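After the structure tokens below, expect a handful of questions from me.
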């Protein structure tokens, strides 16, 4: 677990969840986050729910960036929001990206499942370039700090 | 400590030395006890099961046969959750796709020893009639079901599992009749784990290698596909090659003898062709000679690009076929074939099979053509072709007194230019051509075309070689075969 | 006399000499009168129309641009009956398929001057909203509708018409804004007619060549794609080459100057690569030098296998990609692309576009890679790779005192073996690699890997060349680009 | 038009109909017919209805072998049977092969059109090997000579 100093723009805990080792995409994402002035706490592959939450509490993080490519997001992401609530960081931003399903159901269905039902803030399809989530993140953190909720977008 | 370390066992000091039987047996008892299905695994019974099956349902034997006969093997990727689903998949890949070896990719819960979670997802899949996992949870299925799977096809099954904890899954696979597994400790430590040490992974895989040694002692050859190392981004194949040698040496020390060694497509032809050749030579040198495993069988498999793929299937065909050409140029023995839906998700079986057909077409067209690697044949052919065209042009222009229109008419009238199967009565139709043994088109009978003597002699020579090779004259049926050969997928059908 | 001879005209004595204006004008009046739409054709007006359009909507200019910049062009086949259908088709091929030049294939009733029958089939198609013919009946559509068609896309349109009676159709095409046509008299006599003499076909095509001369005089370049000869069965490309030279000479005599010359895939790599090179050299020699057309522009297009195709689309991808591969090796300037549904029937537009994407992927991966044709680069790369692997292996085995397991652990611990983007913390991750200008993977920073000095110097040299070529350092963004490049379809994105 | 001597097994007029030049398939078919002892009268490509009928009358042919690949069979085959009837050879066997349609409608539809509606005896899909029509032909000629009609099969 490696962390950067400046928490000015925001601190983000990144990792690949569950039994997943696809690490390349999140490495590029981390690089882009740092380049944009964020502080990154990187868990790497095979990161468990508890590791995300512990790291977030320890670093007072603004957001979790969860990556999942291997098709098992459905086996590892349910319960994450509740666990955050239980741990007292229920309001933390949670973004997910990579390839959240096996095969490719309609994106709106995927969004419904992960955002509406499982309580994530935003999710992204596989071919997203890092700029888009970073723009959203800046906006969301600003809104949070100004006291507004953002859930449900993207 | 993270949940995935649950299955760890104590590690003796690191060495490549062959395990003694006591260590293996003690370890084995512990491994088989980690999940209930382990109780059904019996080595003698497993060996008997393997021996009852046809020789070419065994991976090492199939690879040896292909190497001897010059056949190039094709193996897809593929693993789904349920027995019914996986059976349908490998049957389809073998029967419709013509796969020479079929895969069974193991899911990532199993790879990380989360058997309880895998059990839940498997049962949910069976209940819902859906395939919810990214592979076949072989430990939960157990030996009997794996045997059902393996017996569903007449081609051998290779187990595909990227993991630092392979023992129970591999035990189940081998006892279930699978006769090869993808390995090993270097690649899987680097890319399939985070905190696991090399010492631990090596020990876990030495278990597998020793198990293969045990099967060998019982007369059952079991193969390994050796990955070495390599990211799924551009990297030097030399690193992969060096690590393949290390993995092979570690496996050979425990008694394994059949190795299909990876080389991966990076995209530059020169480097990719050189890669296969260099890795083969270095591996043979270190394994067979320097370390003295004279009886080791080494074949080279070409893995396709293993980084990000386009989502567009048509473009993915371009990558897949490009991999086949450069692999054939390099003399690869086997292709491990990412499907053209690689960039989309786990492929549907139809598309997976289609990918194999595209590769088979390229393989069929290139079989026996290796000359491209040398400049000389191309230079020579270019020279002869220029010579011939100039001879024809000079002769007909002469006839037409320098006028290309008159030259054309007279050239055809007297048959100095002629072509087979013309629609037109203006063509003499006296010329006859056939392919030579490498598929090049040669004059069987030039009719009245003024083909220079040197060229004609060369063509005749090439055709003689084809006739000699197949011990049959080139006749009208051959010409018909040559017309259909490309559409049938083999440039020279003999 | 069969019905198809209806349009024949008297033939003066055969010669390649340039027609005098009187002959052409007299002939022209007769030709334009053979069907009512001929009355709308006016040369001055047509030239003005061509000149109003953007330069790269002109085939000869596009071919010249591609030759200069090293771009490889791709053109599909395609022609349906109605204006709406053909417009939709070429728009789709250009926009979705990324075609560089779009085709309009003319139907075979028109090719055989059965304009009345074509009219009937065209009207029936329009009534039924179906495409009942095997191409676009351009004479029946006339000039105005052809201009609508041509203006629907931003890429140039080449008219594709295999016929011994091309005159009125070609007049309509050129007046309608098409800027190239497939030719010529030899191929079309041999394969698209039965009783027509060479003298007659040559005269009919000289009309077209002279028409191109007229356009040239008005400042509008018009191109030709030259077929030469060739059956759709295996045949020697030398015959095709010799006939291409004759056709080109006949066309040049009348004033044509832009020639895209065919070479066809037969299947044997050596011969197919040699074919493109030999035909190019012989054509340049005869046309530009011996016959003195110094200003003629010659490019080589590679036609795919033109015989029977498999009905299986996946296998057809294999053929299509194989053609792209050997064509790129040979340095072809353009691909004329049979679709992967060639063996099925006239392709649907989606599949036709997909075929272009597959070819584009291969072209993108091979652009700038020509070294394969020489043995030396492969030999050299193989030597360097073996050298490097031995150096790594010897160093780590030394460290491990000959034990490959210990060698592995220590090798990684001290970074003698290392890999970028590993998941594992066991890898130092100090090594950095990038592609060179030809896409070969080179060490940017070997970290602690004991890469021999000679190898490293060679790698550095290759990377320097890339940096020099693009005038930009290789940085992290370059590494990211190199990861995505294959999935984006170009091996080196600079 | 080239004809062979021995009419013993039967005489067949072959050709590619209408505006079609695809000659390779029918050449192979002719070769196979000769090999099997038939007498072949070959018209080649671009053969018109009238040429088929004239040749059939002149050589007292048993059958017409019509090839069409270029997609225009529908523009050239209708009316052929009637023309034969008019010319007094209404009973002649007519087979067609190659690629009788543009694209690939259901084969049963194609059969209905060319056999049931247009009165051909048999038609074959593109990938047929010469053996199959030759076997059918032998049977049909035998039946004809024995006085039975065969129309509608294949």
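Here the chain labels run A, B, C and D in written order, and each chain numbers its own residues starting at 1.
Simple rule for what comes next: a residue touches a chain if its C-beta (ideal position, glycine included) is under 8 Å from a C-beta of that chain, and two chains touch if they have at least 3 such contacts.
Note that the structure is a prediction, hence the values are computed from the model and not measured.
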Next on the checklist: What's the farthest chain from chain C if centres are computed as the mean of the Cα atoms?
Outcome noted: A
Checklist entry - Taking contacts as defined above, which has more of them, C-D or B-D? => result C-D
Checklist outcome for this item: Cα centroid separation, chain A vs chain B, in Å, comes to 39
Checklist outcome for this item: Note: chain D sits from chain A at a C-alpha centroid distance in Å of 70
Checklist entry - Whole-Å distance, chain B centre to chain D centre, using C-alpha means? => result 46
Checklist entry - Which chain D residues reach two or more other chains? => result 21, 24, 44-46
Checklist outcome for this item: chain C touches at least 2 other chains through residues 191-194, 231-233, 307, 421-423, 425, 483
Checklist entry - For chain D, which residues count as touching chain B in their complex? => result 21, 23-24, 27-28, 31, 44-46
Next on the checklist: If we count contacts the way the header does, which residues on chain B are in touch with chain A in the complex?
Outcome noted: 2-4, 108-109, 111-112, 114, 117, 121, 131-134, 162, 191-194, 231-233, 307, 311, 344-346, 348
Item to check | Touching residues (chain side chain A, partner chain B) in the complex | outcome: 19-21, 24, 44-46, 48, 51, 70-72, 74-75, 99, 101-104, 126-127
Checklist outcome for this item: Interface with chain D, chain B side, in the complex: residues 421-423, 425, 476, 480, 483
